[in-house]
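Report on the following structure.
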Amino acid sequence: MFKQNKFTVSHAPFWHDGDSIKEMNLNIMAAALPAILFGVIQFGMAALGVMCLSIASAMAWEALFCMAAKRQIVIHDYNAAVIGMLFGMMLPATIPWWAVITGTFVCVIVGQQIFGGIGANPFNPAVIGIAILTLSWKHLFDFDTALVNYQLAFTALDPLAALKHQGPGVVEMFPLSSLLMGSQVGAIGSVFGIGIILGGIYLIIRGYIRWEISIAYIAGIIITAWIFNITDPAKYATPMFHLFTGYTLLGAFFLANDSSSSPINLIPMFIYGVMGGFMTILIRNIGVYPDGTVYAILLINLINPLIDKIRPKAFGKGCKQCVK
Amino acid sequence: MAQSMVKEFTKGLWAELPPFRLVLGLCPVLAVTKSVENGIGMGVATTFVLVCSNLLVSLLRNIIPVKVRIACFIVIIATFVTVVELVMQAYTYPLFLKLGIFIPLIVVNCIVLGRAEAFAFKNSPTLSIADGLGMGIGFTLSLGALGAIRECLGNGTILGNTVFGPGFQPFTFMVEAPGAFVCLGLMLCLMNLIGKK
Amino acid sequence: MIKRSFIGLTEPKLKCDLVEPGPKEPEAIPIPPRLILLLNEPLDSTKEILVKKGDMVKKGERIFLYKESKEYVSAPVSGTITTVAPFTGDFGELATYLVVETNAKQDIDKSFTESISIPDIQTANSYLRGIAGNPPLKLLAEAADGAKSNGINIKKIIISGIDQDILCTTRQFVLTRFRDELSKSVAFLKQLTGINDISIVMPDALATLSAFNGMNIVKISSDYVDSLSPMVMDKYLGIPFIPNKSCEELGVCFISIEALFSLVKSYSEKRPVYEKIITIIDKKGKKSRVSATIGTPIHRIFTKIGVETAEKDRIIIGGPLKGVAAYTLYYPVTPDMDTLMVQDSSIIPTISDYPCINCGKCVRICPANVPVNVLVRYLEANLYQDAADSYDLFSCIECGLCSYVCSAKIPIFQYIRLGKHELNKIELDMIKEAENV
Amino acid sequence: MGDYFVLAISCIFVNNILLAQFLGNCPFLGTSKKMETATGMAMAVIFVLVLAGIITWITDTYLLKPLNIEFLRTLSFILVIASLVQFVEMFLKKSIPALYAGLGIFLPLITTNCAVMGVCLININEEYTFMQSLVSSFSYAVGFGLALILFAGIRERIIIARVPKPLQDTSIGLVTAGMIAICFFAFKGMV
Amino acid sequence: MREMINMVVVLTLLSAFSGGLLAAVRTGTKDQIEQQILKFQKAPAIKQILSDVSNDPLQDRFKIIDNEQELTFFVGKHDGKADAITFETSGKGFSGDIGLMVGINIESDEIIGVCVTTHSETPGLGSKAKDDPKFASQFAGMTMDKNLAIKKNGGEIDIISGATITSAGVSLAAQKAQEIYIRLKPEIQKQTAQMAK
């Protein structure tokens, strides 16, 4: 008789394409790196500190929650790290430490873990965090005062706040090329337009984000802003200005794309993206907030479960031989 | 007798604590708990209505025809609500302003009608008072507690007294509408956790 | 294993393997000293059992467990029964296995030989179930015998010359190897079943062989899911797929090409054919083919042709997407075992405990447009009925692709099969209850 | 016309009855676990609220105000609404059974729903005209229905997620409602 | 039949009881309520604006019907001369109306001061309109020909940082007051003249 081996027994299929959550998250972080590095160079060590604290505290909160809830600790999938990173990217470099820690608590615990953790969050956790923080400590997110001590070689005004207060006359102060190259006041990870776009393209090519959403979002921004702009150019800024300022690009490539809070089917993805762009501009142009991205994303997250019910007929459905 | 009175009284404080156990009467709970004062004010007003209506319903329980009982309950409750409304307007006007539309809305508060139907209509006046008082006090305490948390974090004060040092910047989210929902949700979670043990 | 490409924009297209040109003859595995026979009926201690340890069986003799049993297994060799024990299937279905120790002297059971003057589906059903290729004789016999047909009315027979999984090539091998006998065999099948509408499905590439001229050929592309029966029906035969209806209920019976040849051979040689052709894929992906007697423990095959297995490796019966993992090397060759595959422990993908993260890859790849991302949540929560009612559980054609791409590595495919199994069980129970009332 | 549009937008989104005014939370949490229930409730509320808005406005304008007995407003409104719901229920049962089958079970729930009473009181407090009351009642009800249906969409998914035990059901429902309320902040200041 | 009668009787009695009780409470609290409204809503604002008057403006008041709306004017006397009036207007804020008490010197036509009475703005942001004297004090000394809009809209008023909408609401209320005052000036002068006697 030969020795009886113990074999691995599991269910079909026995192949897997090798992708994993961890791989996906590492790719997201890699894609965001250019924008973050630029932010760190522009805003100095304070920015680096905020980013590190944000990522670290997000992971720590997740670990703590898992311990408290007696769940397996899974911080090595970098899920919390991605949330912390995206949250950090939306913060000004001068934000105090306690706000970062409170914010990541909101993101990770309130925004995701209590709903059942990864994949269960109905809203983008990082955006929920920012929304709750801006609701509470609006002054911390006033980029003009937050960055007042920096010596910057360009117009040191938050473009969107300037637009809100002084009208579209300010658009001339911000040439598009310099906006794209990061010469603007803003959050750590949101100023470097080129970097974000490159990161986004990388993720699209790698298949980690659904390009339909990003494209639809940008289209929504451009079309809506353009309609406003041609109806009254003296009151509303140009589409490109909106596209390259604030959190817009971050929204299009990193925030609207959070997988669990965005639709999967084709038509819903387009509705979702266009609605996001539309709401962003609507809030900026006729709402009270200088930047509407955060609320626009939350709104489209809200309608996501409903619109994602629009899907192609499943195989064999609606055939003519229908008995019923 | 005394024993059952104690039982009816205490059940409202924990076992059937509204609004946590019976998820009813949420609107005032969410709307008026920006501060402890508002919360307790609302709670006391509701308690008054609860006790009075419970008492009256219980006294009349043998006279009221079953078919029109709901109509009768509503008349009784609405009467006491209006009394509260007028009295508060006359003597605690600032509080009346803050509670606004929620005072008249006690009339549709599911707890009040619920107790009349489920308890007072079937029990003696003394028990009904105990029940109304217990439920009312439970409700008041819940509102007070929620108000305390929200006021403390969201405004840095409790009953108007500053709690934290001067450097503290309040977590305004808590006193906003969304904060009310989130805070109540998390309190409910806490209750479930404690209740489990 | 085909890994995700760097450019993840397009979903992977899996192609079915074609049989290699000029294939070698399968290596014959000698009849082993002990054979294991699976019998599709559970042991029931309340009934009087007919087979016992020590009983002798003749080659070709049918073994019934109980007097009133309808299921039987026929012995491929003559020998002594040494074990009768319960066996548990993939979803916990109960069956029985018998071990037969081969005798030196081979007695042959003559009852089949004596009863086959003319081909007749009822006789075939009584003697030839469980020959190599597992022809659906029970179904055909019941359908022919109108009274018991359960509403199944077979109008069309499809001879399947395509394999059901991407690496498998056994049926294609049989098709090319015996291509010259095909037209004769089809005529035999018509005679046997009385059904004249018979087509043969085969891969596009093989259909060009001149031997098939004049036959009713359906050419199938080599894209993976096209070879699955529902797809063949819907896409190539124009018979729309209806969720939760089997091909048979739609009047089509699939029979594998090997089963057809075994049938023909059984009649021409006047003995049931027990030699099953199996494609073996070793750890390095090298393919070889053997011909083994049904009941042979698979370790005999592995030792004979030098396939190594080690601790924690995986032995797969069938292909990488739809197969079943065996937990023991004593697993026997069964009538429908086309492929045996060994996977090295180092490349076995893990499954995880993650919930769905809504990445959408499954939805994009699913050939049946099933909303897998939502479906899997309902299945995980054991809400099978909701899954079927609102999320198209029964539209799934069981291709396994969703699990293959799932980022969270959820065993989706298993959940789906389990869900269908449970629902069908509930339905069966209900029917039974209704009958009892 | 434009004014009515602005009023409608304001009532549906900006001052959403549920998320900004905190009215009607019990049915919001109670009937949002399944999409069908939520849709049924939304329809029932729209139906009843419009009728109640009209009737209470008439009561107030032609009965309470002329007689100078506004202090009986609470009492008379609740009686009017309760009898209206009773009447509607009876009417539907007799004349439109199909609609009754759809809305029927929700009708009794509506009597004890702050949203209905609340909107009627708001109409009076804001001194709306008849047309404005009509528009506001309808729009508030639509806002209620919208929030309820969106909430149900999300809740259907939450129910099957791995929510920690103590948070399940109402608790996580409330947190979600809070987040929906944040979403509705988007409309602040738009009208 | 008996049952029917029973039902009607009970409901009627109940309604009668309710009506009676309410009417009684109503009569008992009527004056007190009016006092309260004056005392809590208007009085602090009036006191703040007319801090140095020699009379009690709450007593010296008159009403004018303007566009079907009843406006109450409170008169302040300096050295026995009735030269100041205050009245309330409103403007749209971040969340809801903002009530603004505006005091005007009827001899110089200058604004004496303004003070927010009711509002539901965000604590710490919009609420500064009421709590932060810097903002309100901008209005003092303005004459009727000054543009009281906020600077963004071409006027002279600096906004509260972070609360543009509140600021615009307050300035709108002030502008309304200007307009009303100019329109009703003859009537006001007539009434104050009587008051002086």
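Think of it as A, B, C, D and E in the order they're written, each chain with its own count starting at 1.
Rule of thumb we're sticking to: contacts are C-beta pairs under 8 Å (C-beta built on N, C-alpha and C of every residue); 3 or more make two chains touch, one makes a residue touch a chain.
Values in this document were obtained by computation on a predicted structure and should not be read as measured data.
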Discussion item. Tell me the fewest steps from chain A to chain E, where a step is a jump to a chain it touches.
Written reply: 1
Worksheet item: Counting one step for each move to a touching chain, how far apart are chain A and chain C?
Response: 1
Item to complete: Please flag the chain sitting at the greatest distance from chain D, going by CA centroids.
Response: C
Fill in: Most contacted chain pair (by C-beta pair count)
A-C
Worksheet item: Between chain D and chain E, what is the separation of their C-alpha centroids in Å?
Response: 32
Worksheet item: What whole-number Å value describes the gap between the mean CA coordinates of chain C and chain D?
Response: 58
Practice prompt. Could you please state the distance in Å, as a whole number, between where the Cα atoms of chain C are centred and where those of chain E are centred?
Written response: 87
Fill in: Multi-chain contact sites of chain A, meaning residues that touch two or more partners
110, 114, 116-117, 119-120, 132, 135, 288
Practice prompt. Pull out every residue in chain D that's touching 2 or more other chains.
Written response: 71-72, 75, 157, 161-162, 167, 172, 175-176, 179, 182, 185, 188-189
Discussion item. Residues of chain E that contact two or more other chains, please.
Written reply: 18, 22, 26, 94, 165
Worksheet item: If you go through all the chains, which pairs of them touch?
Response: A-B, A-C, A-D, A-E, B-D, B-E, C-D, D-E
Worksheet, complete the sentence: Given the complex, residues on chain D that touch chain B span 19-26, 29-30, 71-75, 78-79, 82-83, 111-114, 116-118, 121-122, 125, 165-167, 170-179, 181-182, 185
Discussion item. Please output the residues of chain E touching chain D within their complex, sorted ascending.
Written reply: 18-19, 22, 26, 94-95, 165
Response to the item:
Listed in rising order, chain D residues that touch chain E in their complex are 71-72, 75, 188-189
Discussion item. Quick check: in the complex, which residue numbers of chain D touch chain C?
Written reply: 157, 160-162
Item to complete: Name, in rising order, each residue of chain B that touches chain D in their complex.
Response: 23-27, 30-31, 70-71, 74-75, 77-79, 81-82, 85-86, 101, 104-105, 107-110, 113, 177-186, 188-190, 192-193, 196
